[in-house]
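In the two complexes below, subunit A is the common chain; its partner is subunit B in one and subunit C in the other.
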Partner chain A sequence: MATKKPDRFDQVDWDEFTDSTGLSISINTKLMLVAALPLVALYLFDRFRVGEREKTFPKLGEDLGLSGLFETLGLDYNPSNLDYLFIFTIFVFLIYLVLPLYQNPRMTKYYWSEFKRNRPAVVSLVWLGIVFVGGLLGPLFIKRPEQDILRGHQPPAFYHISENHVPRCLGEVSNGRCHGTWAHPLGTTQGGKDILDVIIHGMTISMKIAFITTLIVATIGITFGTVSAFSGGWVDEIMMRFTDIVISFPTFILFLLVLYIYGATLGMFIFVFAIFSWGGTARYVRSKALSVTEEEFIKATNISGASKYRIIRKHVVPNTASSIITQLTLLIPGFILFEAQLAFLGLGDSELPSWGQLIASGRSDLSFAPWIVLAPGFVLFLTILAFNFLGDALLDALNPQAEAEADK
Partner chain B sequence: MTDKPILSVRNLKKHYILKAGLLNRTVGAAKAVDGISFDIYQGETLGLVGESGCGKSTAATSIMHLEEPTDGEVIFNGGGRAGESRNDDGTHPNDVTKFSKKELKAFRRDAQMIFQDPSSSFNPRMTVGSAIAEMLLVHGMDDKHRRRAIVEDLLERVGLSPEDYDRYPHEFSGGQKQRIALARALVLNPDFIVADEPVSALDVSIKAEVLSLINDLQEEFGLSLLFISHDMSVIRKVCDRVAVMYLGEIVEIGKTEELFANPQHPYTEALLSAIPTPDPRTRAQGIELTGEVPNPANPPSGCRFHTRCHRVIQSNDVDMDQDAWRAVLNFRDSVRSEAIDIDLIEENALIEEGGHGDASDGAIKDQIRDEFNLPDQLGDTSAETSLERALDWIVDGEMEEAANFLSEEFVTPCEETVPEFTDHGDGHRSACLRHSEESQTVEALADDD
Partner chain C sequence: MGLGKYITARVAWAGIVSLVIVTIAFILMHFAPNPAIQQAATDAALQGNDPQEAIERAEELRGLDRPIHVQYLDFLQNVYTLNWGWSEYRSQPVPQALLEGLYYSAQYSVPWTILTLLIGPLVGVYSAINMYSWKDHLATGFAFFGFAIPNFFFGIILLLVFAIWLGWVPVIYNPDVAVFSLENIRQLILPVFVLVTGSIGGIMRVSRNESAEFLNADFMKTAKAKGVSPMRAYAYHVMRPTMVPLSTTVVGQLLAIFLGSSVLVEVVFGIPGLGRLTFNALINQDTNLVLGSLLVFTFIGVVGNLIEDLVFTILDPRISYDDR
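Up next, the complex of A and B:
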């Protein structure tokens, strides 16, 4: 005790500390604010400044006096409401899911070593990475495919069909058969749209479905579940009975109704299905939160004098996260598949370059042009399979406690 | 000032309301802790011992105000509160149970707790360093580097390395985690720590290491400890004084050496006899407690231990072997709670007899005596007649009759009178009727002869 070292626990003068809540804004939240502010600003600009028939970015260039620059950079996008939401969701994903992996390298290393034991899941992750990047960046480089009847029914490269089916063969014609070209590696549809291009644009749509529904479901589900678990009593009772109603709600019928009244836009699909799909997540989060609350580390944190908000935010929610992530990963393929099914039945927006629409457009030509159905069908199949594998592997990898207990 | 206890618990109660049915009606209360009182002095370790389910942990959480106690006072004089004295209306300004939110938070800095299960006492998604540092953060230390420096220093003190700050709980063994738990309890520099079975989940060798670490830290920082355990041998090693708890009540309290050398309460005796001896040649002379652990929602009347006590007092008009008396009381309780399966006994009797058809009454009675460890002949003639009569009823299937009769005939003072504490000198006190009534009973027996 002779030398005065200030950094020892028994020499802290606690009277000099004012009572704080112990909550400071994390770097992630700051980043999120920085990222979201321009997005919100752009959205508001779009909403109030840009006319119905104007495009957002050219108008922005005009207003900023940078039209020339915008034109040379090719900035002529006109994002829809769904695009804003999608970009916002991507920010949330990057900042609250990917960045923490970088911030906690030890944990990430551990997760990865657990995760990579599951080979199919690693392959799935690579595939989903391709779909993610393709969906995010593809539309920036590849124009939305246009109708061109003359280019219809071109076979894929390395494939050939009878010349009779092709309006004008772009490739080599031999023995009365039209060969595919590298101009259209996966062939074209009846309307002459390049299938690879449509698939890449379809990636965007699948990613929009995956990310936006996940954001909505997770937000409502986690909030509802934790509030319900911590309120207890009649609040809990009412909230859970409401959840039961949401779960038993005939969403499909509601969607048909909405479809006839407002039309079947992608946004409407996402909104309707996400709004009625959080029930399972809420239940799951509630039960998980209740079991986590019984753990001794919650008692220990209680004894530290931490606020209830801090306990929920820092201890309960992160410990329910692994199960939530797993559950959501298994929920996503359901949405993507459902969109494809509705599109196939002709209940979607036929203008939408989604995989389902592509499959639907090929169903009448199946006898001679199977690639129109097969290519997107295969991509859809792989994506759904990949999500399932991923969910399975995450379940194993994200639960270090189960692992530690198994080691005993 | 120095003789003022750092913590005094007065008549602390924690009852859990039991609810049942559709309308959630209150049907009773489980009396987990039912009026315990003790003091802990500066630098002292008080052991709280008892079997599982006797309310030790509930007592701890109630003292720490993790749960709201039903009744009673917990007066905490640590952390510079020593100067306070009782208000005029009888309440104490240092009563934890009446602390405001702000006072409670300050109390959290001066009193901490270590938990039993090292595997669940850390958030698996937080590095252990940040779990410890969180305590500092919660109490307002915003300086990240200072937090880290303090925690790293502390990790070294508990025998780990500063690099362990960034590791996750699953990367540590049980013993290491308990060291970290100790660091977490220490980091706010408390005066008082509750250790709830801190070593019972650990291997023997690691147990000893952690115990000696606790001892060293206690000496260095003048900590007071409430050490909860069910293991008498651990208690003996670390505690200055011991309180023995049974079914929500303290039955005996005293200095460790005194209590171990000269246990006054039969329950303490039974616990002590259960300590294994290292010599394999000595046969365990364990006192076997008969009967079941009673339900805390409906504790036995009088002395709560009387349903299992091997020294249960015989009524004035009875004089028999103590084991036989215990057996008779157990038999009575079984008849009363209708725990006797007469059909099964008949079957067994028939097998014993090796006959066919129905077993004879005599054989059934012998079988009952066998199963309840009742001797063939009770030492006391009038008691023997009564027992025989009750057995007759049972054989005839008139259980209620038998139960009423047995309840009238065999009564122990233990179930009628709640024992008061008897002082055995030097703060050694126990709550057993034998001490207050011993002389009386002896006199009564002498009159009988």
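Up next, the complex of A and C:
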């Protein structure tokens, strides 16, 4: 490996450093701006120009005079507010988490060699990659599953059930058994929805929950933790007592109350759970920030005249980042599970084809059509398991010395 | 600050937390449209009366026309004197309905808690003793399986296999069975198993990692050198110090599972406990009962956290109370 020549004091271009204390922005921030601006523009367009019953993209095509082109490309999406937030979060994830890995190949190589040793975690990463890509791109190619009673109860491929249970068998019928077809690889529900399609749409929901709640929790938690650590005194005291209340809050129960009074959309779910889940992160960031502040290099930076904001932004947050990432990874499965539980109870967003809803819909036919419950159940199980394995492996790879502490 | 002072402060803190939660509930309820009043307005409009007048009359009837601070104080008084109103759906006072629910919830919660507390640390210490052997890997695999499998999904699968296919346990829960009878054990064994599997994983992991530290401690070497039997050494020198850090997480974990899963497990297994009661109250728009059951869950949570903190300080006398 070609090592870069270390900077020598007399060769440093000090002008570069003088500039960097000003308003210079990194390539990542520039990219983020380039990515976010069209999104914000589209959101504003949607907000002020597109009517209640109109779809965003066809309307955009109309306004730009490109209706024909949009139609041939099949651009007829109508993103919701949550979709905008989701895409924004994806940009943040790609630019501030994935891109730095590429920019810093030496550390990436080291992390990967550490991470690789944990084989279940590698498998988990692959599975989460599938869920991520499926959730991101699936809905663009696969239409929302629709009711079609005549296609009800089709068994999965390679499976067959008694003909009596199927209204109209689409596959072969032999010896009074209906065989599954590749048209519905995982079978269909009672209402004839294709299970694979519902599962792929469910991936979008799980990914939305995973990304958006994480972004909100990270933003509030990091801000709260660092501000609290650097303020000290009574501000710190009040902020930490407030965090205590947030931590001891029964979020699930509160959400039931919110749901009872205001009804529950996915956005509401994400909002409530994110708002009440940052307590642990804030506490963690605070203690980490306090310990980092004691380090010599922070003192050196302080003496060199760096501003408080700069110390926090450039030294404290990056030094706590790995622990925060690990902690957030272990928070996500809880959110996904809660959403599935609510959907299973029929208290979730009934508009959305989620995994929990699918499990609930198959309960009554469990004795002869177990695939309706089993397929989404295992996908849910694997996803939660994968996040847990991933979190465990990240713990080992990113901060080995914290392993013993964080397992508590 | 001494122990007595610390306990007083901690109890007062629990009171404040419960007050904050009750206040949030009040605010949420206050600014939401009340279905009963809307109903009154609709009825009046259908009968040709003035809907505005009907709304005012309905608000007066419920005392909603008074200033907000009076309503709030009234609400607080009612909450803390257990005057929780009448449940339309159950046709009985809310506290009575909740007590009946609690009776069924306790029947599976008590064995579940006891089993988790017994088996979790034991298996954890056992796998620490045999660290990195196949026994340890098996236990770790089970722990991961336990907290990754959704309780309700696991319950459904077990019901399918053991109740429908094998017929070993009844499919439908029978609430009239005596508490200490074989039948009751048979119908509760699956819910208890599901809950234990879900909660044991975390405890096993914590006690495994904690006890690993004590296995190589100096006092263990001394004990071995003195010829203390391994059983006794593990029980007195490993298990006991492990329980201290464990006690900080156990209550929290059990509570989280109880608050989240009791609804699911009761719905799946058809147990008419607190969780099912909450669920039915939500479905049937019974505001008093919804609020009542949420208050019960909140208080269980607050009191549980309080007990956890107190147990921790009593178990570990080394902790100073100054920076807490």
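Keep this in mind: the second predicted complex is superposed on the first by the 376 of 408 C-alpha atoms of A that agree within 3 Å, B and C clash if a C-alpha of one lies under 4 Å from a C-alpha of the other, contacts with A are read in each partner's own complex, and residues count from 1 in each chain.
The criterion applied here is as follows: contacts are C-beta pairs under 8 Å (C-beta built on N, C-alpha and C of every residue); 3 or more make two chains touch, one makes a residue touch a chain.
Nothing here was measured: the structure is a model prediction, and the numbers come from that model.
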item	value
Which superposed partner A:140 touches (first subunit B, second subunit C, both, neither)	neither
First, second, both or neither for A:110, with subunit B first and subunit C second	first
Partner chain in contact with A:297 - subunit B first, subunit C second, else both or neither	first
First, second, both or neither for A:367, with subunit B first and subunit C second	second
Which superposed partner A:150 touches (first subunit B, second subunit C, both, neither)	neither
Partner chain in contact with A:254 - subunit B first, subunit C second, else both or neither	second
Common interface positions of subunit A, toward subunit B and toward subunit C	404, 408
Touch list for subunit A against partner subunit C, complex	244-245, 248-250, 252-254, 256-262, 333, 337-338, 340-341, 344-345, 347, 359, 363, 366-367, 370, 373-374, 377, 380-381, 384-385, 388-389, 404, 407-408
Subunit B contact footprint on subunit A (complex, rising order)	6-10, 12, 14, 17-20, 22, 24, 104, 106-107, 110, 295-297, 299-307, 310, 314-315, 318-319, 321, 400-401, 403-405, 408
Footprint of subunit A on subunit C - complex, ascending	13, 16-17, 20-21, 24-25, 28-29, 32, 144-145, 147-150, 152-153, 156-157, 159-160, 164, 205-206, 209-210, 213, 245, 249, 259-261, 263-264, 267, 278-279, 282, 285, 287, 290-291, 294, 297-298, 301-302, 305
Subunit A-touching residues of subunit B, taken from the complex the two chains share	61, 64, 66, 102, 104-105, 108-109, 112-113, 115-117, 119-127, 131, 134-142, 146, 149-151, 153-154, 166-170, 181, 184, 186-189, 221
